[in-house]
Amino acid sequence: MALLELKDVNAAYGRIQILHDVSLHVNKDEVVAVIGPNGAGKSTTFKIIMGFINYLGGEIEFEGQNIVGYRPDQILGRGLGYVPQGRIVFNQMTVKENLEMGAYIERDQKKIDEAMDYVFTLFPRLGERQKQLAGTMSGGEQQMLAMGRALMTRPTMIMLDEPSLGLSPRFVTEVFEKIVSLAKEGLTIMLVEQNAARALEISDRGYVLELGRNRYQGGGHELLNNQEVKMMYLGGG
Amino acid sequence: MAQNEHLRNFGMLAILIIVLSVLPPNLNLYQRSVIMFTMMYVVLALSWNIISGYTGYVSFGHVMFYGIGSYATAILVVDYGWHWIPTLFVGVLVSFVISLCIGFPVLRLKGPYFAIAMLGAAEGTRVVATVWDSFTHGGEGIGLPNVENSFETYFAMLVVMLVTIVVSYWVGHSRFGIRLNAIREDEIAAESLGINSTFYKLSAFALSAIFPAAAGGIQAYKVLYIDPETEFFILVTIYMKLFAMFGGKGTVIGPILGTFILYIVQEITWVKFPTAHLIAFGVFIVLVARFMPRGLMGFAIDKGWARKGMVH
Amino acid sequence: MKKSLVFVLGFALALTAAPFVEKSHAMDKVTLGIAISQTGRYAEPAGRMVNSYKLYVDQVNAGKGWNGKKIDFVILDDKSDKQTSLKLYEKLITQDKVNLTIGPYSSGITDAVANVFERYKYPTMAPGASSGIIWKKGRKYLFNIISVAQDYQKGAIHIAKDIGVKRIAIVGEDSLFPRQSAEGAVAWAKKLGLKVVLNENYPRKQTDFTALLQKIKARRAEALISNSYFADAAAQIRQLRELNINLKIFAGTVGPGLPKFAKQLGDTAEYVLGFSQWEPKPEILKRPGMKEFIAAYEKRYGVKPNYHAGQSYASLQIFGDAVAKAGSADRDKVWKALRTMKTMTIIGPWKVDDTNLNSHEGLTFQILDGQRKIVWPKKISEVSYKLPMPKWKERGKN
Amino acid sequence: MQERAEIRSKYWLALFLVAAYTVPFAVGIYTENVFFDLQWLADLTTVILNGIMQGGVYAMFAVGLTLIFGVMRIINVAHGELVMLGAYLTWMFFFYVGIDPLLALFITLPIAFCIGLLIQKLLLNAVVGGPELTPLLITFGLGLTIIHIVEAIFTTDYRTIPYAPDALQLTETIAVSKSKIISFVMAAFISLSVFFFLKVHRIGKAIRATAQNADVAMVCGINIFHIYMITSGLAAALAVAGGALVSIQFGFNPETGVLYTLQAFAIIVLGGRGHYIGALIGGVMLAVIESLISFMIPNGTAMVEIASYGMMVFVLLIRPRGLMGPKEN
C-alpha cells in the first residue's frame, strides 16, 4: 500500500488554479522525484500536501488516512516531514535552537537529545557549529541545517523541495549523497528538483508534471532514458 | 464603460444636487447643520478613499489637512480680516504644498509604516498648532466673528462635495485610477510596467489632501470657534475611514452611502444613549473590519445586486 | 438588482428623515434646554451641575412652578466636544423649540456655542464658563454668574505677597480657562510687585511634571501658581513631594476644590491653596436658602454639593426670578428682566453690568487636616492660613 | 550598493540622534535656561535619572507592542487601552480588596494574559497575514470599546493610587521618587524575565521562530495560532503590568491609554520594530529626551509630544529599521 497517495488533486493560489487532477503516490522506502519545468506545480504539490494553499478537490492520504484540512503541525505529527525551498532557516537563532525547533512537537527531552545526536552524526559540520547563528552560515550548511531540522522528529517520510537550488557544485554532490544515505537507512523520500537528471538517477520512480497536470511517470532510469523526457526536461539528447 | 451608464450616474448626481439645493429654505437650522456636516463627512470619506481606497496606502492622519484648512480660514478671517471664501483657496493651497512636502518622503514607506508615519505627522501638526502661540493662538483657540452663516456654509459645502464626487468619479474611471489600482495590487509589478508610482501616489495624495482642507475651512466658519484639540481630533480620521470602509472603499458610491447611513444613525443614537452609543460604535468598527472588509458595496457586488462597473 | 438598490436607498432616506421630525411642546410648560457633558473629559464637574439642575427642577415642579407653569427639562450630551455641542444647541433651539437655554460646561465650549444664543436671541445662563474673554466680544444674551478666571489666583497671590514671597512660577494647562487664569495671575503679580520667574503651559494630557518642577526649582521659585484641573494639580503636588522640592506656596484652581483631592492625596494635599466660587458653609457665607439647598442635595445624592453644584443651582434661581419678574417665559421679556434686575441666590447677590458680567467674588481656601478652610478674603475667612508650607521632611508621618 | 546605503542610513540615524539630544542644550543655553553651577548640574542629573526610570516603564509596555508586531506584523492600536485597563484593575484591587499594587500583579497578569488570548482567538487570528488595514481597524474599534466600557463603569474621573509618595535623597541635591524606583525595578525585572523566557523556554523560542518565518515554523510542527495567542497574551500582560506601574505614579482616566499607544509606537519605531532589546533602549532614550526638552526649552513641556512624533517620523524616513530592527525584505 502506498504511504502517500494523491488522487485527482486540484489546488489554487488565491483564485488561480495551479493543480489540475494531479495524482501520484509514494510507496514505503521509495525515493520518488517530481520534475518538470517552471510553473509545473511541483512545489505546489508539496504545499497542498502540507495544507498551505487552497484545496479545491481530490484525495490526499497519508498512511491510508485522509490528511486534507490538517494543519502542518498535525501532518508532521503523523510522520511526514517537509523541507521548504530556498534553505530557509531561522537566521537569528543558533544551529542548536534551529534543531530544537524542528523537534517542537516532541516533548521528551531524551528523544530530542537522541535525535540531535543522530543529526550531528549525519551532518558533522552542524555538530561543530552548534552555537553559531544560522544566518551567518554558508548556503550549503543552511541546506544541511534545514534537512537536519526536518529529521528531528524522525519522520517516516520526508519531502525535499529543491534541495540543491543555488548551491555550489561541491554541496550539490554532498546533498545528493546525504539523500542516498538517508534512503538507505529506510527513510521514504519525495523530492522536487530542477536538476532533474541528478534527481532521477537516485530515484526509484519519478513523475513529470507540466502546467499543473500529470505528464509522465515511471521508474527513475526509465524516465531518464525516455527520449521525450530527455528532450524536454533534461536539456536535450 | 458604456456612455449611457455615465449618463445614468450623472443623472443620479443631478437629482442629488437638485434635492440638496431646494431643501435648505424648508429646513430649520439644526437640520441644515446635520446635512452640512453629513456632506462634510462625504467629502472627507471620499478624499480618504482617493489615497487609501485606490492606492491602498492607508492614512491614519488625514485630519491633518482638515485642521490646516480650518486654521487657514480662522487665522485669515480673524487676524487679517479676509472674507471667508478666499481663505478656503489659501487653505487648499497650503494643504496642497504641505501634502507634497510630507507625501514625498512618507509615501516611500509601506503598509503599516505609512499609517504610523501619517498618524505621527497629524499629531505633530496638532502640537505645532498648540505651541505656535503667536500665529495660531495656541490652546486658547480662535473665535471667529459671529454671523448667521448656515446657508452660505451649506451651499459652500455642497459645492465642495460635488467637486469631490466628480473628481472621485473621474479618478475611478480614468487611466489615472487604473494606474492607482495597479499600484494597490502590486507596486513593484506596476513599476516594472513603466508606471511612475511615485508620481501617481503623490498626485493621489495631494488630491486627497485638498478637499479636506476646503471642508475644514467651511467647518471652521460654521462652528466659529476652533482649537487644536478639535481640529486635529484623531477621531475625525477614524470617521473618514469608517464611513468609507462601511460603504465600500475603492468605490465612489460606497463612501457616500456609508456616510449618509452611519452619520445619521449616529446622530439619532447618541442623543438617546450617550455611553452605550460609543461602546456600540467601537463594536461596530470591529465587526465591519472583521466581517465586511469590502463594505456595503462589496457585499452588494457579491450578492449580485450591483454591477462592478457601477461602483468603480 | 434594482429593487435591492432602491430598498437600500429607501432605507438610507428613511434614516435621513428621522432627525427631521420636529417636536412641539405643550404651552402649559416652560421648556428648559441644555447640552452638557455627560460623557468625555468634563463629565465629572458637569455631572454635579446636572445634579443641581435636576434637583431644582423637581423642587419647582413639586411646588408652584415658574409662574404656575411646570418646567420641562431637556438635557442632551455634548460628549465634551464643541462641534457636537453646537449642533445640539441648534437642535434645542430650532428643532425642539425650547423656551430658555442654559450654557454648557467649560469656557471653550461656551465660547463656541454662545454665537448661537446671540443669533437666536436666547437669554442664557452660563454657570459653566468663567473666562472673561467670552464676555469681551460684545455678547448680549449670555449671562455670567461666577467670578471670572482672571481672578481665580487673586487670593493666592495676595497671600504670597503677605508672607513675603518674591519669586513665583506660573504654570497651566494649555487651554482657554487655565490660560485666562494665568493671565490674571500675571497681572495680579505685577500689581503686587512679585517677580514671575517662569510662565509656561503644558498639554492637557500631561501626567509627568518631573522636569517642569525641576525647572521651577532651578529658577528658584518660592511659590507655584498652578492653573490646573484635578489630574494635573494632583500630579504636581505629588511629584513635588516625590522630588523633595520645598516651596512656600502651592496654589491650584479647580483641582483642590474637589473633595477627592484631599481624599486621594491624603497628607500630601495638606497646606495646598485652592480657589472656589462657593463653599457649602452656610454659617460663614450666610446666603439665604443655602442650608436648605445643601440639605436637599445631600439627601438626594449622598454628598455635599461643591461649587459647581452651587453655581448651577443659583443660575436656575436667577432664571426663576427673571421669569417671575417678566411675568412669562417670553424670551425678550426674560432678557430685559435679566439685564436690569438684582437678585439674591444661594451663592450671593447677582446683578450684571453692561457686558453681562456679574461681580461675584470667589474665595481662596486652604486644605488643613483634610478640610477646605476659607482663608481669603479676610472678611469671610474661617481660620488664618498656615504658610509657608512646611518642608516635606518635616511633615509628621502618620 | 545595498550595503553602503545600509551603512549610510546608520550614520544618518546616529547623526540625527546626536542632533536631537544636542538641541535642548543649545536652546537652553540660548534662552538662558542653562546655568553653569553645581546646583543646576544636580537638577539636570535628577531630570535624566527620572527620565531613565520613566523610560524603563514605557519600554516595558512598548515591548509588548513590538512582540505582537514581530510575530504577526500587526500593529495593535489598542495596546495603550490595555495599559489603561491594567491601571484600573490595579486600582480596583487596591481600593476594593486592599491588595498592594505590586502584589496585585500576581492576579492581574493572569487575567491580562487571558484577555490577550481571547482577543487574539476571537478577533485577530483570522486576519493575520491579510491586508494590514483590517487588524488596525479591528484593534482600533476594540480600543474604543474598552475606553467607553471603562468610562461607563468608572466615569472619566482621574484616579490615582497613593503609593510610596516620598523622595529618596541620593545626595544633598539629587532626589528620586520612591515610586519611580520601585516601578523601574519591577519593569526591569519583568522585561528581563520575558526576555529570558524568549531566549530559553521552548515556547519562547517558538515565538522567536514564528517571528522569523511563520511558514517554516509551521512545518517545524509549531502551531502558529497557539503561538499567536500566547504572544498576544504576553503582550497584554506586559501592557497591564505597565498599567500597574503607571498607576502608582500618575493619575489615569479612561482616555489616557491613547497617549501610551502613541508613546509605544514611537519607541518601537526608534528601537526597531519587532526587536526586543531595541524597544528597551528606545524607551529609555525617548523618555530621556522628553525630560531634557521639558527641562531646558522654554514652554518645553508643551513640545514634548513633538519629540515623540518627530522622532518617530524622522526615524521612519531615515532608517525604517530603527536602531536595531531586522532588515525589511
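Labels A, B, C and D are assigned to the chains in the order they are written; within every chain, residues are numbered from 1.
Here is the rule we use: a residue touches a chain if its C-beta (ideal position, glycine included) is under 8 Å from a C-beta of that chain, and two chains touch if they have at least 3 such contacts.
What you see is a predicted model, and the numbers here were worked out from it, not measured in a lab.
Within the contact network of the assembly, the step distance from subunit B to subunit C comes to 1. Common neighbours of subunit A and subunit C under the contact rule above are D. Chain D has its Cα centroid nearest to the centroid of all protein Cα atoms in the structure.
One simple way to say how far apart two chains are is to compare their mean CA positions; for subunit C and subunit D this gives 36 Å. Between subunit A and subunit B the centroid-to-centroid distance comes to 52 Å (mean Cα coordinates, whole Å). Note on chain placement: the centre of subunit B and the centre of subunit D lie 32 Å apart, centres being C-alpha means. Look at where the CA atoms of subunit A average out and do the same for subunit D: the two points lie 43 Å apart.
Shared interface positions of subunit C, defined as residues touching 2 or more other chains, are 39, 174, 201, 203. Under the contact definition stated at the top, the residues of subunit D that touch 2 or more other chains are 148, 151, 299, 302, 305.
The full set of touching chain pairs reads A-D, B-C, B-D, C-D.
Contact residues of subunit B toward subunit D in the complex are 52, 56, 58, 60, 105-106, 108-109, 111-113, 115-117, 119-121, 123-124, 127-128, 130-131, 234, 238, 241-242, 245, 275-276, 278-279, 281-290, 293.
Note for the complex: subunit C touches subunit B at residues 1, 4-5, 8, 11-12, 15-16, 18-20, 22, 38-39, 76-77, 79, 81-84, 86-88, 90-91, 93-95, 108, 111-112, 114-115, 118-120, 137, 139, 173-176, 179-180, 201, 203-204.
Per the touch definition, subunit B reaches subunit C in the complex via residues 27-31, 33-34, 37, 127, 130, 138-141, 143, 146, 148, 219, 223-225, 227, 229-230, 257, 260-261, 264-265, 267-268, 270-271, 274-275, 278, 296, 300, 303-307. Chain contact summary for the complex, subunit D toward subunit C: residues 33, 35, 39-40, 43, 46-47, 50-51, 54, 148, 151, 155-160, 162, 165-167, 169, 175-180, 249-253, 255-256, 259, 290-296, 298-302, 304-305. By the touch rule above, subunit A contacts subunit D in their complex via residues 50, 52, 71-73, 76-77, 81-84, 88-93, 97, 100-105, 149-150, 153.
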